[in-house]
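Each of the next two complexes has chain A plus one more chain, namely chain B in the first and chain C in the second.
The block that comes next holds the complex of A and B.
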């Protein structure tokens, strides 16, 4: 195997790490295959780049592959060569078939989490003054209407959360509401899942259309309560 | 239907009359009629009731045709406006420093420019005709707003063309004394006019995205208000830098292809060096490009939240993952080329720098992995269930801007250090302060990297506005500070350094040439990708919020079908550039073949065919 051994070991080690080690780190979860594939491609690219930096390393790396595929008098490896030459196209064919054949499984999703809001909601400013009383009131409304799903700790882990896929948003995560302006939250709360725009479908949101039950003022107060409770700040331009 | 009926009525009697002339004539006419059928499809909407608003073309569709022609025009224009910048700089270096090879290089760049210039204008003309034909209502509106700048553009085009002719045809005649000064001034004028030729149409395009409309005032006042719209200058700066990057990498690819095919050692050396210069120019621009892109996106977000989210969080957000991949390949390709240069051009340096290259490579790949990790992952239902949604609980944090900005800054730092490493290779410091100088540079680099990472992590815990306005800006300033400190320090160190190994040009392996071509293709793909992103961010508006697109094409094409057009534009542009370069160098090849004769060349095997100077010398 020579110089080929290290790259093979590295690829296997990387796969084992991504598939069997990373998911078990506290707070982690199994990686989707698309991400594992991406990281393995990067690893393979790195190996090829490094091994072809000089003539010697290139020959040491490609030499065994070339000899295995085209060399003469390779002895017992001859059978393996034919095995690879037959199995490799079959593997490609199987992959192609697998990705195009009809299946009873739903297709892999590339869901867009933040659709663009309608024009009338952009640039809206929260009309409710940011007083401690209003924030407290907002938290109260939140506890009554939102916490069953989004959680009393604003972490998306309310008692009803386990019934939903995808899970309700975790507001304490700095990559959710902290990235958005208050007007965006106002739109999402007011219109709910059914009010999402058609572009970027498929939408999957069980968010109720709160405009049917809550006045605008309450929604604005809930937004203030959410940001305060989750220890986040809305995106602003000033 | 009535048109088909009418056509049938005209064709059939003619066929009956011509039957005596034989079947071939009938077949010919039938074929002509069949080919003419699409003309029925070139339908004009709005006929009858009012003025025509749209026209269409069958099969390809008016929108796709305009898209392709506009993209090709833009790519050609990027090349034509980018190349004069560094062609002129090369000429200035030759003029002030006396190195003739820079003058030869500048002339070669300009030769490519002259042949590409006419094609750019041709595509510009086609684009204009198509726009007027397919979108008369929109063009009428834009003409009404921008009429004064249309006139200015025509004038600029005349001046640019005249200057280019003088610059190119006067090259040999204006080589010495005051004439050379005049020639250098002409080069400056060429760039001056080129800058305005770029920024005037940028106003038209950016007006469509972020319009400023005033109903009162003179035609000039209205045009000026529309020109000075919120995204005009961010686009101007972004395109200016991107044009330099495109031009650099395309010239690099040209040199790479020539390097792979030339047979003499002298030519190999020349094209190896030209490839190096092209790659250097590309990298030099690439280092600044993410900053300009960030500024542009910030302005778009600030101008309109809806447009910003459509681009960065909505359905176009996947484009930025592809963008990360393309930029990543570009960074890898450029660094790979530097590292190959250290190994092959500076014999003996590989052993010294191989470990450093490995760590740089690992860091680059790690940064790229972060940059390419999407916030919302592509996952099956089962996978999403296990993750608890589309976000990975641990890696999801890599999907937002704080992480992306941090790794892009680190990649810029690594690439800069690759260049510094290449610069220093084969030289031994002799200055008394060398040790201290290197320690200072090392400390600056380490502290800067730590500061960039700390700001990136901290960015998660502060309000978005603090991150955008202060942290991200500070990261950029830190990187600029590193570049501005280490460059003069290295130059000072190398001034007194002893050259231990002379640079050997023309000894690069064929894969170096291929990596130059790969870089050029990546840049072209990137530009087509961003062209689609910029246009699609307007969604169903011709002029955002002002003039709605009411044609049947008032929808954003899906990313898959858009990528087909992008790939076609990239492929066709490459073919076009190859043709232009082939035409441009036809005369030289003829001269070279007539001068020495192919059989007499000292090292007759091109690099692409495995020929390398070492091998030939051994033989």
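The block that comes next holds the complex of A and C.
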């Protein structure tokens, strides 16, 4: 193996790992391409630093690159060399065009789906006893006030949901109420969309501010009915 | 490119094997050792380019969204004609509608499920064509466009106050069939909706085959930037829609009225700027610079040896 073999294998392996292996590790997620690019740059920088530590390794590393660029004694690779020399300026031009051309896409808006609640809403305990009667009553309130958007099946697909962006939360999805505590739901139901902090994009949310219309006790019962109906349990720290 | 394995079926071990096999054949070809290394550099370069292209591809998909855009027309804006032929040149955008359930009085079901929106401008005025199905033509049929005014975000429900964010006002362009004119309105919160002192908006509607077509028009900019949305070509602004079906129930009461209406979320609108070719020039300059850099580098390398 020449001085260039290992670095190339390392770069390719790194890319394959970041793009195709990492997302499948439990608890992980696909990396954004900008992050993959950053990691590859870091890997490449590390390789260059490592390879240029000593005089010999430096020559072994840069030598073949220099020979390819100058085109001396590279035989059949001459055509490839011309290809690279033509392709490089074109790529630079293409990148420049991409970064200066006006985009026809509207601005992207990142929205935090579960932003942090105000301090006074963390750690509240549901004061309503978890009895079958209370759960049933909560489901009745849910049907009356929540189901038009969040759906009779707790799936966020109520008849009024279609025009709303962000879409009403799907409580059957394990990434919504199953990840949250009852106190969080209490805050979200009480204050509604307008109560969200700026990272939650409150100007887009259709969630009503129910504290103006429903007593706290009803809200706690709705929370119990929601968890029971969606077959989820509140998150606990035990 | 085969060895880059873009579909990720192989592990890194698989790749290493692939390289070994290739090296073996190169040796059989009895090429100079330096060339092996050079080939490897080449593959690494290709792999990096492939990574950029693939990564860039997925990035642009994530940005996909819906907006309505007004192209520039030169032969006169169809402000008085919802059926003008030039409207067919505008790209339609369809937006879903919901019954208004955000604040009382709510409504659970509305007639209009989607609105189709087109827009055009002539650098002086903008015209929107709002189109939707409504089985009956009623005197109380109505429709509205809503815009954020200024830099502050406004809640889509009449710019109602938000608890943690300071919001801005909204500008509402309202049309009702029985008046067949537009009312230019302002709101910042519930109960604050009122017609403006300066009426800048015009509307003209036509009903045929169970479909309403309504043209709203206004100069791109006005003298009242605190009340009116200001439209700058090239910039995206927020837009939302509302529709009232003026039908009556068995008791002769209006079903959709006031806050009981069909609403949309916020979407984006942009009046297109005149075409700008400067990025082609920048690209040409950058490519020329890269070419020059290559030329100088190779000359220096050759001299150095």
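Going forward, the second predicted complex is superposed on the first by the 127 of 238 C-alpha atoms of A that agree within 3 Å, B and C clash if a C-alpha of one lies under 4 Å from a C-alpha of the other, contacts with A are read in each partner's own complex, and residues count from 1 in each chain.
Everything below uses one rule, namely that contacts are C-beta pairs under 8 Å (C-beta built on N, C-alpha and C of every residue); 3 or more make two chains touch, one makes a residue touch a chain.
Only a predicted model underlies this, so the values are computations on that prediction, with no experimental measurement involved.
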Practice problem: Classify the contacts of A:40 with the two partner chains as first (chain B alone), second (chain C alone), both, or neither. | Solution: second
Quiz item: When the two structures are overlaid on chain A, which partner does A:101 contact: first (chain B), second (chain C), both, or neither?
Solution: second
Practice problem: Quick one: classify A:116 as touching chain B (first), chain C (second), both or neither. | Solution: first
Practice problem: Please work out whether A:184 is in contact with chain B alone, chain C alone, both, or neither, and reply first, second, both or neither. | Solution: first
Quiz item: When the two structures are laid over each other on chain A, which of chain B and chain C touches more residues of chain A?
Solution: C
Quiz item: After lining up the shared chain so the two structures overlap, which partner does A:127 touch, if you call chain B first and chain C second: first, second, both or neither?
Solution: neither
Quiz item: chain A residues touched by both chain B and chain C?
Solution: 32-34, 105-106, 108, 165
Practice problem: Over in the complex, which chain B residues touch chain A? Could you list them? | Solution: 302, 304-307, 309-310, 313-315, 317-318, 332, 336, 339-340, 343-344, 350, 354, 357-358, 361-362, 365, 368-369, 372-373, 375-381, 383-397, 399-400, 460-465, 509, 511, 539, 545, 556
Quiz item: Can you list the residues on chain A that touch chain C in the complex?
Solution: 2-5, 7-9, 11-13, 15-17, 19-21, 32-34, 36-37, 40, 63-75, 77, 80, 84-85, 88-97, 100-102, 104-108, 148-149, 159-165, 191, 193-198, 201-204, 206-209, 213
Practice problem: Enumerate the contact residues on chain A facing chain B in the complex. | Solution: 22, 25, 27-35, 38-39, 42-43, 45-46, 49-50, 52-55, 58, 105-106, 108-119, 122-123, 165-167, 173-175, 178-179, 181, 183-184, 199-200, 233-238
Quiz item: Which of the residues in chain C come into contact with chain A in the complex?
Solution: 3-5, 8, 10-12, 15-16, 19, 23, 31-45, 47-49, 51-52, 54-56, 58-59, 62-65, 67, 69, 95-99, 101-104, 108-109, 113, 153-157, 160-165, 167, 234, 236, 262-266, 268, 270, 273, 276, 278-280, 282-291, 294, 297-298, 301-302, 305
